């Protein structure tokens, strides 16, 4: 089935759903999935709309212009139209820990992720073999304080060369500079190994142990300029006890990190996430 | 805010969402919430639509007739229109265990349940004081094999007298006869103290212990003629271990039963549940 | 069955378990349950030991002196010996929200809590009827900035009069002064309505909404001089979404608060919790 | 640290813990971890004891004989003594689905599993590359109704050749014959993709969809002669909704299967599981 997916937001008023679903029906589209949300405090409207365009009177090429005309009827409408193909292109940045990277590669192989993992960039060489097994290009760019500027330039060059839409930080142990984050709002997903906002920053499992919490967690969020403060997409938790040493928290945490990051990437690729201020709408 | 809530299902085709949202907009309703689902295997369409009728050109009294006309455009459309008031009237049947009954009464008191608990019927007298505290009428109808027919007649009489829409079995330890269940499809909610379809019938916690499961659960479902087989609304689980004796399973189970039953009753009262064959759509 | 329960901690060395279990066997006790933990970083040993004293050669009265002799063999041993009766006496402090108080009263009624709820103190009168239903003495002590000293004096007087061992803050919306907390380390349990250390202080659900978290939680902890910083006994979480307004978070949170507080009080009463610095060992 | 781990069970009586911990202390062992359980219905005693044998007066070689003498003091004592090395040798059987196999290989690589994955046997060739990447021997033995006897003979030969202690069925889609299961009680772990005892047998996710459950699960259990009926080691669940098609259940199920199987294999290798009748004690 050939589908179009619309993600949009605008100031709330009456008739938005009717107008947009009428727009679809008018050109002989058949709605497959519709989810909407009204933020009554902020008076904002959000919608995700998926429709079958197999019998559409409008071609893929003509749809954006038509949608553009509809959007003008509403105040502050932001919208994005996606099609099932070509698949969004993903780059993954990693360091030495294999679990998140292996998980994403495996999910992609099993067809769970509607995107193409086009490139892996790592600041260590440990994960080259893993990428080779999954037949994904691997680039080693050592990153340290001294060479940050060059490294970032090279990373940027690769993201352009590989036409990357989504960047995923799969336990990449470096802070990204503004050169990478600017202009990529809602385009970089990071996995933080704590239940944010608890335990921001380095060594969250050590922090958790010191605090004596009985539950640990992980948080997938979009990267913004401020460390570990971007809009949260997905979180999960697991129980721990006084028996758990730091190594146990790290081990248990890996399971949470993997499923939270995998879920967040999937939600993003399925066009289910809209960023609204510092929060996300996840349809 | 004065709202109307439509729950409907029909054979799938294109244009249903557009027609219904157009219907709302046409009469100056403002959509608050819309959720829809297409069962592509069964080719069935389901929708829940909530709209603000404060500025509606159609009065509450006129809406059903207008909706009726819209419904005729679609094949096999079943629909139900509800308004925020008057609140649906609920009867709860219980035996001796207080936890589910107390939980529902407390939730109602705290404003979690958009319904009125109009009556409690019990086959024992133990829970009379609890009902008195919450100022809900309590009727004691002893139920045994011998007096089943009379008991059921009296129960039916009360359900009519109190104009009961929803009947909730809050650990009521008797099987309802056809006199009570016939004509009440989707109108009786039971809590079964296992993760159905595991451990149907009596003493599920004893069954769970004997089987050595590591997780127990509870299931809220609509009552049908067949014991513990009706459409499932809500389920939840909790971990157990080899240390748990039957009494521990019963204790842990009570926590699950309470929150599962409370959630199911709330979903039903908020008009979020559509029964489709032996399954439920829960918006 | 008549049992003794020992909770103890000391500096780690070899032979502790052997010495203590030998002590039990020597006087014809039969071990029912034993759980121990070694904190290898802190080099501390912790144990909970439950034994049948039905055939014991030592009476309840003589056991403490005998245990005292055993304890002297170990460095820094702290220990506490409890018996199944008399039950520990509990006071609950509450304000207006009924859910945590009702839950504890119900759990006690159903036999889940091995303690006696001897007294409820509230700074509002709303919950008097609930206590009356459960036949628990209710005392209303208005508490405000102005009368803090007198209120605290009266609270203290009641805790002494009712010989209270455990004080439970069941959504009591006042900070306790040092007059109440001093000397009650590990003797006051509070339920905080967030997943600590996230969202310390007032209005945590509002904080959670503003932050856009996808999971909320609750934390039962012992009260110390520092607000919301005492040793954590029990935590749990539940998923939330962009659809949840503050009222939804509050409602969902109530379910978590109830089960977390109920679990913590039960663990405490069953003598399963040892405080070690700012953490707890929960056997 | 060099440790010994004892798993034992016997008829309950007083003094067992004292005798065993005395045995350890007598030969200058230092107890690291002790967990015990008394099944009061069956009057059986179970214990797991880990101690440091670095300063032991008894060598590894002499410990079993000494333990043997202790065991004779108790009725029906079964015991097993394990040391940290050599690591238990594991064979994994798989078919075409990579997720469970990849997960176990990755966990082993990251040091989560105290065992050596010595061999992978598959009835298809799909997973050969994965094993090559993780440098684990891969053997392809086609298995069908026709060649069952030869296939089983070859499998048995390999298990002996590789001196396999634990056999793990990682979504191996064939039923094992008695030639493989006889004499391996408690030595074969299978992952079943449902929350047993619900949905025994083939296509459990299809069964779950048909039943309309709101939660799915997975079960790791020891294999016995009767299909999907062996003692359960570990289970977990995840919520599903009316939106989930069979493919979604399969996808969500993979996440549960992986973590449940990984946890069960780890618990087994850490010598934390004792089979008692058709149930397990998991320390």
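All chains are identified by letter, namely A, B, C and D, in their written order; residue positions are counted from 1 within each chain.
Quick note on the criterion: contacts are C-beta pairs under 8 Å (C-beta built on N, C-alpha and C of every residue); 3 or more make two chains touch, one makes a residue touch a chain.
From a predicted model like this one, the values you see are computed outputs, not experimental measurements.
A comparison of the A-B and A-C interfaces places the larger number of contacting C-beta pairs at A-C. Chain centre most remote from that of chain C: A (centre = mean of CA atoms). Distance between chain centres (mean CA atoms), chain A to chain B: 37 Å. With centres defined as mean CA coordinates, chain C is found 41 Å away from chain A. Residue numbers of chain A whose C-beta contacts span two or more other chains: none are found. Chain D meets chain B in the complex at residues 37, 39-41, 195-199, 211-215, 217, 231-237, 241-243, 245, 278-282. On chain B, the positions that touch chain A within their shared complex are 13-19, 21-22, 24-25, 28-36, 38, 52. Those residues of chain C whose C-beta lies close enough to touch chain B in the complex are 98-99, 102, 106, 109-110, 112, 129-130, 132-133, 251, 254-255, 259, 262.
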